[in-house]
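Note that subunit A is present in both complexes that follow, paired respectively with subunit B and with subunit C.
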Partner chain A sequence: MAPKLRDLIITYNNLANPDGSALFCQGNTIVQAYVFGPVDVSNSKERSEKASLFVTFKPKNSYEIRKELYENYIRTVLETIIHLDMHPRTSISVILQEMQDDGCLLSAAVNSACCALLDAGIPMKCMIASVTSCISVDAIQLDPNKEASQKSDGSIVLTFESSKNGIISVTSEGELTFDNIKEAIKLGCLASKEIYDFYHKSMKKRFLINS
Partner chain B sequence: MLCLPGDTVTEDADYMRGHGTYYKSKVLTSSVAGCIDKVNKLLSVRPLRTRYNGEIGDIVVGRVIDVQTEHKRWRIDTSSRLDTILLLSSVNLPGGELRRKTVEDELMMKSFFKEGDLISAEVQSIFADGALSVHTRNLKYGKLGQGVLLRVSPSLVERRKTHFHNLPCGVHLILGNNGYIWISLPVSEGVESGGFAINLDPVPLADREVISRVRNCILALAKQKMMLHSTSINTCYEISQSYQVKDLIKSKIMTEIAQLTNEKMKIEELQ
Partner chain C sequence: MELLKIHHEHFFSKGIRVDGRKFNEFRDLLVNIDSIETADSSIVVKIGSTTVMCGIKVTLNEDVKALESVNYSDLIDLEIALHPLDEDKGEREEINSLLVKLIKGNVLFDHKPLICEDEDGERQYLTLNIELICLNNDGNVLDAFIIAFLGAINSLKFPDYKSICDENLHPQPTSKPSRNNAEYKRLNVLKFPISITAALMSNGNVLVDPNRDEEQLATGLISIVFDVATEKIIMIEKQGGTPMDDVSLLKHISFSKSMATKFFKTMPILQSKGEAMET
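Now for the complex of A and B:
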């Protein structure tokens, strides 16, 4: 069974002021990510041995509570892949703005953050791809939309890194069996390769005008 | 060739590791999205878009962020990673007087350059953490008066012998290595004051149109990722004459004039 992701569309560098930005669409889920950095930082937040990384996730409606869970998840993922020790005494801030939520918001946010960092030219060990699967009694669905994910019993978000295609982060909710998780990893692994291909293709399209 | 983070640059152990790469279990791997740059045995990956990396001798245009009287320095934004520093001891005093700076000068700092002022300067040294220190000890440098500031990617401005140009169309152009470009009316030779005597007379409409045209031309070239230097800007300016200034911001026309410039420059190179 071939995994099927929803259509991926990306626009790089769509904002003027940040150092890097990316508008990432995964089906009807849209996240705008932008990166400032590495720039000077105030003394209280400065770390002498490496750059400080700040991740802010902005929900669509400003009155919603901040999704600190998302911020923490994305920050830990990004901390493992960015070469933070190359820019001591600076800050890198990643800001993620939810534009539209149709399921898999966290995955889309992680992927868009990776694209914005690519665009900003920040040194990274490898790229990341995040895939959400939702699990109902009988089946696993990859990259579900909002309706499907609400009906399901549980969901699992896997984040892969591109060098060995290993898992670097997992978060899940609901009831999952061991077999479910195994199946989700197998599906996600294939889907993540599709996402790396997409990164390569989109970067090529952006920079090599004549090819 | 385009590389993305995590891609193998080479498996050959003979090469040396340059910027934008790292060793992952003895295999040279890219850490940024960019193209491979090879100098003899040194392999580096140059990111296609990055902040400004200063080198000694670069001409920069920057904006004063704040005046730190207690440290005897100004902080300048030059779009580099860390804020650039201009020390009180590396500026010219009004009138070009050469002497040690006294306590009175410290108190007068705000009257030399204040927050929001634009200045042109030269990179004097680079601190251990990568922050730049600039100086304005030449009458060419100093505060900028009336004109237009443009921000483009720093990689579009080549390091050349001169960055100050008086274009034949009648504008003065400073191509900052940091991607900040300043367009103003020409200053006649010999009366430069280091920016302390600023001419605030209204600029005639015709001159303003020329300045806007040059600005739009540079934007068109930058959009097509063409290198910016006096030749390319002049050529583009001549080609743009067939359009009105206001039409030059339409993306179709921008692409067209940039491509025409590219072709014309190629032909001129061949001759």
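Now for the complex of A and C:
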């Protein structure tokens, strides 16, 4: 059976002030992402050889989620895909606001960040797609909602890049076996293609309507 | 930086690293148990010249009494200190949150001995104050921290609730001797986490147990934490860096798995306590 993601919906450029923005829905999980940059940066944070990248994740209630882990994960992913060396002595900031959490929040945040960067026209090496899989004793479930992810024993978040479909980042929670990971990668690979298709379609739609 | 890269790559092309190790070789491990007199359990771990220390002190916990149900993670007070002189590139918070996730997020030991009842039948809780301190950061601090934690929790012996209470009421000049007569309890360790960290280089090499220079040259790090008891993967963290295809990632996982089991067998922590032993 082909893996099934929840419905993906996106609105580009829904905020006036930022250089790029995207409201990304994955089922009932909604993340608003917006990007400022490349803009001037204060002297202390300036880097002479490349742009400095700042990622801020704003959860709805801050005590529940380990915010630094999310920010770190997203920052390291974006650092590898953005051509930071094209804009030295500037800053690019990506801000992600959680609107609604129904499982797979980290994946939705990564995907929305990619969309907002596309919208802002920041040069990137490739696109990224992030997929969460939940592992319980008997089965592995792709893109679970909150209820399913709370019931499961462990989860793994994989982020793929679009050029060679390599894995950029992995993070996991709970106990996993080697076979679980193997299967999660196989499922994630297929699902990531679905997400790239969605990016292409939504981008086309956006420019047809606006032009 | 550029010179450093050329220097290192010259060695990589010959299949070795600057310090003479192979790509999949760990540095020497040195463990010293019970280095701090006042702690209930303490350990100093050296991997090469990376030095970390872990100390555990068991104290009474009044705060958790108010809670309705007390979980495993409520009885752990974790403090992680990286060297303040060390340059900070955001890794401080990263290591911090990874360790909190690993130690508090997984039930690593049986916490029942920490809950006791006094004469009136009231429940009393003990807390583990775990302090992880990095004395010298020469790369791969995460692995060293996890070994130190495992060693400390494994050699932890603490007296029962009453003698800790007595000690609070009548403090003795030195805390160790007063506990000698009391009956010691031990914690039953359920999981034995062993972490294998590797650095991904831009040319595709994977270097196990990177030192500081290699960590700076690397495009990204990949850490895998195994539970040696059940051979399951507790945590897998690859943050950024050169993208890996699925085949090489799975190959690296299975390689790390065999490495972790091998590494665990050579660890002196479980054999006997006392003098430092070198592997």
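Note that the second predicted complex is superposed on the first by the 203 of 211 C-alpha atoms of A that agree within 3 Å, B and C clash if a C-alpha of one lies under 4 Å from a C-alpha of the other, contacts with A are read in each partner's own complex, and residues count from 1 in each chain.
Operating definition for what follows: a residue touches a chain if its C-beta (ideal position, glycine included) is under 8 Å from a C-beta of that chain, and two chains touch if they have at least 3 such contacts.
Quick caveat, the model's predicted, so the values are computed rather than measured.
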* Which term applies to subunit B and subunit C once both are placed on subunit A by superposition, clash or fit? -> fit
* To do: Check the residue A:200 against both partner chains and state whether it touches subunit B (first), subunit C (second), both, or neither.
  => first
* To do: Please indicate which partner A:14 is in contact with in the superposed arrangement: first for subunit B, second for subunit C, both, or neither.
  => neither
* Report for A:161: first if it touches subunit B alone, second if subunit C alone, otherwise both or neither. => both
* Asked: A:69 contacts which: subunit B (first), subunit C (second), both, neither?
  -> second
* Asked: Can A:150 be said to touch subunit B (first), subunit C (second), both, or neither?
  -> neither
* **Angle, in degrees and to the nearest 10, that opens at subunit A between the C-alpha centres of subunit B and subunit C** => 130
* Pick one for A:185: touches subunit B only (first), subunit C only (second), both, or neither. => second
* To do: Please indicate which partner A:100 is in contact with in the superposed arrangement: first for subunit B, second for subunit C, both, or neither.
  => neither
* **subunit B versus subunit C - smallest C-alpha distance in the overlay, whole Å** => 14
* Structure fact -> Residue overlap on subunit A between the subunit B interface and the subunit C interface 161
* Structure fact -> Given the complex, residues on subunit B that touch subunit A span 2, 4-6, 20, 22, 24, 29, 31-35, 47-51, 81-83, 129, 225
* In their complex, what parts of subunit A are in touch with subunit C? -> 66, 68-69, 72-73, 75-77, 79-80, 156, 161, 164-178, 181-182, 185-186, 189
* Using the touch rule from the top, collect the residues of subunit A that touch subunit B in their complex. => 13, 19-20, 38-40, 81, 83, 87-90, 118-127, 161-163, 199-200, 203-204, 207-209
* Structure fact -> The residues of subunit C that touch subunit A in their complex are 90, 93-94, 96-98, 100-101, 105-106, 219-220, 222, 227, 230, 232-246, 249-250, 253-254, 257
